[in-house]
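Here's a structure for you.
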Amino acid sequence: MSEQIKGKRELFVPGHYGCPGCGATVAMKQTLSVLGEDTIVVMTAGCWSSLIGIYPYTCLTVPVVSVAFGATASVAAGIKAGLTCQGNHHTTVLAFAGDGGTFDIGFQPLSGVVERNDDILFICYDNEAYMNTGIQRSSATPAGGWTTTTPDSARKGQRKKNMVEIMAAHRIPYTATASIGAPEDLKAKLEKATHIKGSRFIHLYASCPTGWRHATELSIEVARQAVRSRVFPLYEVIDGDTWRLSPMPEKESVDAYLNHQGRFKKMSAEERDRLQKQVDDEWQCLLGKCQVPNRAG
Amino acid sequence: MQTRTVIKTLSELPTAPTTIGTMVWNQTGDWRYLTPLVADKLAPCAQHCPAGIPIPRHLGAVTRGDIEGGLALLLAYNPLPGLTGRLCYHPCQTKCVRRRIDRTISIQEMERFLGDLATDVTIEKSERTDQRVTIIGSGPLGLSCAFYLGCQGYRVAVLEPSDQAGGALVGLSPGKIEPTVLSHEINRLIRLADIRLETGANIGVAKPGEPPAQADLVILDPTGLSEEFCAPSGAVACDPFAAGSVIGSVVSVQLPKNLTPFKVPMIAHYIAAGRLLAKKASDGLRRKGLEQPAMDRSPLAVSTESIRIERFPAAEMRDKQKETWDREGAMQEAERCLSCGTCNLCLKCVSFCPDASIRPEGRNVTVEVDLDHCKGCGICAYECPRGVITMEDISV
Amino acid sequence: MVGIRFHGRGGQGAVVASKILAHAYFKQGLYVQAFPSFGMERKGAAVSAFVRLDSAPIAERGDIKNPAVVIVLDFTLLRKVDVTRCAKPDALILLNCRENENHNPVKDSFRVAGVDAVKIALQHGLGSKSAPIINTVILGAYARISGDLELANLLEAIATGVPVNQKQNMAAAEVAYHAVFSISGELNADKNRH
Amino acid sequence: MKAVMMGTEAATMAVKLARVQVVSAYPITPQTVIVESLADIIGRGELKAKYLPVESEHTAMSSCMGASMAGARTFTATSSQGLAYMHEMLHFTAGERVPVVMVNCNRAMAPPWNLYCDHTDSLSQRDTGWIQYYCVDAQDVLDSILIAYAVAEQALLPVMINLDAFYLTHTSEPLDVPDQETVDLFLPPYRALNKLDVDDPKTFSIVCGADLFSSIKYKRQGDTLAVARLWDQVAERYNRHFNRLHPTVEAYRTEDADLCIIGIGTATGTMRLAVDRLREEGLKIGSLRLAMIRPFPREVLQRAIAKVKHVIVIDRDVSFGAEGIVAQEVKAGFFDRRGELRITGFVAGVGGNDMTVDTIIPMVRQAISGDGTAVEAGMSLWAEVLP
């Protein structure tokens, strides 16, 4: 996936304040390289709203507005309405929020917007905690994971909220998971999403070396491992009822995924086994929804 | 580098809190500890190529659809690809890493395809000098040497005593090589390098010690002259594969034992010898008043661990290798090359760089790092599946 | 300033009646104001609505303390609500009741009139037996006894003021106009006959 | 065209005449009728607009902001708790400099729940940067919304038009409806200078350091203060088209007055009746309606009652721990006349108590003769409380 769009401006320029190895910036860069310059981005409080730059400078050369925490989907829907009533039906309105701005505080407006099927593309760049404020638990934090509000003395017990299922339950035209470790798959999904009218939701897995406690060069590898281990399988749901599995690599155990990340350092053997079982069960469940014959154990 | 516009007065401040420029001024490069170094390394195939051809490079050009560019890159190491593509024993293919995934790349077939192209290509040439070199004998060594000297701007004449150029290659059975191929290859070679070829030339030496031709340097080609040919006295023996440059004005090439007498499958060795000899000859000639050329540093071999074959999906096997390749067929085959140690602009590093700090360089043959902004996360090096990028501590 | 107060139950259309009446008087060149008793609207609960009339712009807002007219849309309300509370001593009270069943629950000192609005409403297909809509019907009766409201203006106001069944509402109002009966005191009914 | 309308209907009519392009709607009593009727006229095609039936007031304001930033003329309406729920987005809309116009129906804040008139909801949003205008009647509602769009789009600031719950929202009264052609002359289509534009990409509201933050806010402060004058200029232009004036401050019989009652909203109409009554008794009294609270029209106010010696402010709101909010504003406005001006504050008419002539006159008498203890302590006197 090339960022080089001949004869067009660079949509993402260097000089931003993302941490070295930041997966969220990769997520934006990959996304914009597919969506192109006819895109308006709405972002909310989160890593992106602070790494993008410092007033009066920005690292994105598409129109961007950074709005109140949680208002991403609703502002995006408003922008789309404002464009539509002026006859602009082509510009993609991209709501780009982190897991906190999607799973937690942004949940109500997102649910409202997708229930009304407003014509926006919502991408949640999921780094599984409130990273911008310094690694606090969100409802996207996985069970067993360390954060500063689920410290080693009280690591998170609850499982991660399944946003794609929730979106599918809204019967929206298109929802999918994607990973920065699988850019071709992301590209295919974004291209598909841009050709669909109505609410589109992509749950984009974006690793965070700072918060997940892994080496900066492993950001893409960790994202790939999440897919390989089926911790974060890739699939899409059309109209909330047709589930389709995306191309998936050979299945592996969760060990490699866990071993790279310091946030899982304290997980016991039993916890790992429990996680493996959960992952296996959910994978079987997903295969069932996708009506794929039991494969790859 | 974009300059930073600064708001100095209230009236310059936008009404809404909108930006006026980009963050490019912010040089995040000083966050870096380790620095990505982009450097091509010799692929296993190239390491074992008798002619030392960096094979992934011309395959890369073909992959991108630049077939003529691929030929030009190939000619830079081998001016007779149509011949090697038919005659060479191709040790490159036995070392191909791709065979660990599915099957080896048809490197020789590719060479042949490129050599047989009817179209002409542009090659890099130095400015013309007044220095003259005469090569006696038009075997593969002589022709190769003539080609590279011609490319470096020398006025090169090849004197062939017989009626047909090609030396030891003349008269090979049509089963080994089609009759037209030899002339096609030689014609392109002399045309591109601007060489004067004289067949039926009188090269008899009148007196011992007299040079066989008027030139700044005369080279006697062992692959173009019969064994009966006697080197004139005063000729200096020279092994192209040994160190040092050419001394004297008449050079008699002495090949290592394993290359004598001439063996057809070893053709690439003779071509390499010609190329190396051209280099040595050029070094010797330049000493007469021209500046010393830069040392030709041979690249490092790529380590097999840095080729991450697990990142390359097995390609769908095509039913059968085509008898004759078309451009598309060539591209499909070239695409399969892992390009070990050689940047083939797969742009994975570009796609995965969180800081938009690595991008194709101007000539579009590799990538370059924007060190003003690169934070040194190391993703590019980790993600490069072919070992081109390494993280280096350049502070040492 | 003249104040008119409607008593009804949620769903009977007292609020709409107040608006139609204000509109009808507005057509006659008066300054008007109509408003409901404020709050949550619940079907069946007691509600009231008000109309102020004046020849000058009306600055006052809120509850009408001393109404000159009280219109009661539901006879059963008389048991629960003091419909004549703070009414002017000579106030005109209009009740929705059957002629034979009325026992004049209102003090004799008021001028009291009645109309069988339910019967007329059902005859004209307004609402259902369990929930007849009698607001326009009772306004027809009021026009007759008001002494100052032209029936034509009322009918025009009904035509624009009800969302559906305009013709039936107008016809019912006209029937009620002629069916209003006196219960006590002198009515202005005859003055309005053209 | 003359018509009889409720305040909410007048608001709907204004939205239609303003050719609003995006309406964001969420119900709350007593505003609901506005969003209901807008849904209907948009559904019937009488107004070509996009109607967003959103799931909360926070979203109503967010989507209005988004639509406005895309260059559309937008409208929403709310009340009380809904306004409070929007609070964060009120700061945002003002800060993004988008000309959203909103109707707020002034209703008491819970707890306990109460549906009736009270100004604490909007006055507690004073500091969000919105222009705040308080209507006196249905005509004022219709006209001020049209003026508000013209002001908002010139100043690039959002405007909140406030309607007293029920006293205005649900009270039908006559008004003059301007014709569309003249409104179009007065209010041309919105041409956004500052919008999200793919051909001129900018990032809005990025993180700002201390170096420029105060300058940004200072600039907005200047632009907001200028709206006091701008409103009167636009209102004057409106007056030329429609022959109705809606100034930021409206004084009544104050020329020779020693005493002046000040208030906001519909009660100011009743205050005039009280003034007339008290004038009959020989009292040199006038009244003054503050139509605009933000920006606070300090100069106009000072000029209007320069000779008055005693001001009585009746607040339908309270700032707990302080006093009536309008009283505080008036006091701040007359700070340089302290010592020569007496100011008495009352809190009255909150949560459904009618403000009648009969409730106002006793307050005036109490202010004139009162023991002054509460007044001197800087506290408002409360009406309608248990002994």
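Order of writing sets the chain letters: A, B, C and D. Residues in each chain are counted from 1.
Rule of thumb we're sticking to: contacts are C-beta pairs under 8 Å (C-beta built on N, C-alpha and C of every residue); 3 or more make two chains touch, one makes a residue touch a chain.
Not measured: the values here are computed from a predicted model.
The greatest centre-to-centre gap from chain C, using C-alpha centroids, is found for B. Distance from per-chain Cα centroids to the pooled protein Cα centroid is smallest for A.
Chain A and chain C, compared by their mean Cα positions, are separated by 63 Å. Annotation: 103 Å between the Cα-based centres of chain B and chain C. Rounded to a whole number, the gap between the C-alpha centres of chain A and chain B is 45 angstrom. For chain C, the set of residues that touch two or more other chains is empty. Among the residues of chain A, those touching two or more other chains are numbered 52-58, 61.
Residues of chain B in contact with at least two other chains: 7, 14, 17-20. Taken as a graph of touching chains, this assembly fits none of the simple shapes: it is neither a line, a ring, a star nor a complete graph. Contact residues on chain D toward chain A in their complex (touch as defined above): 21-22, 24, 48-50, 52-56, 58-59, 62-72, 74, 88-89, 92, 96, 196-198, 200-209, 212, 216.
Residues of chain B that touch chain A in their complex: 4, 7, 14, 17-28, 31-32, 347, 350-357, 359-360, 370, 372-373, 375-379, 381-383, 391.
On chain C, the positions that touch chain D within their shared complex are 18-19, 22-23, 26, 31-36, 38-40, 58-63, 65.
Remark: chain D residues 2, 4, 6, 29-30, 115-116, 164-168, 170-174, 266-267, 269-270, 272-273, 352, 354-357 touch chain C in the complex. Touching chain B in their complex are the following residues of chain D: 95-98, 156, 193-194, 202-206, 208, 212, 215-216, 218-219, 223.
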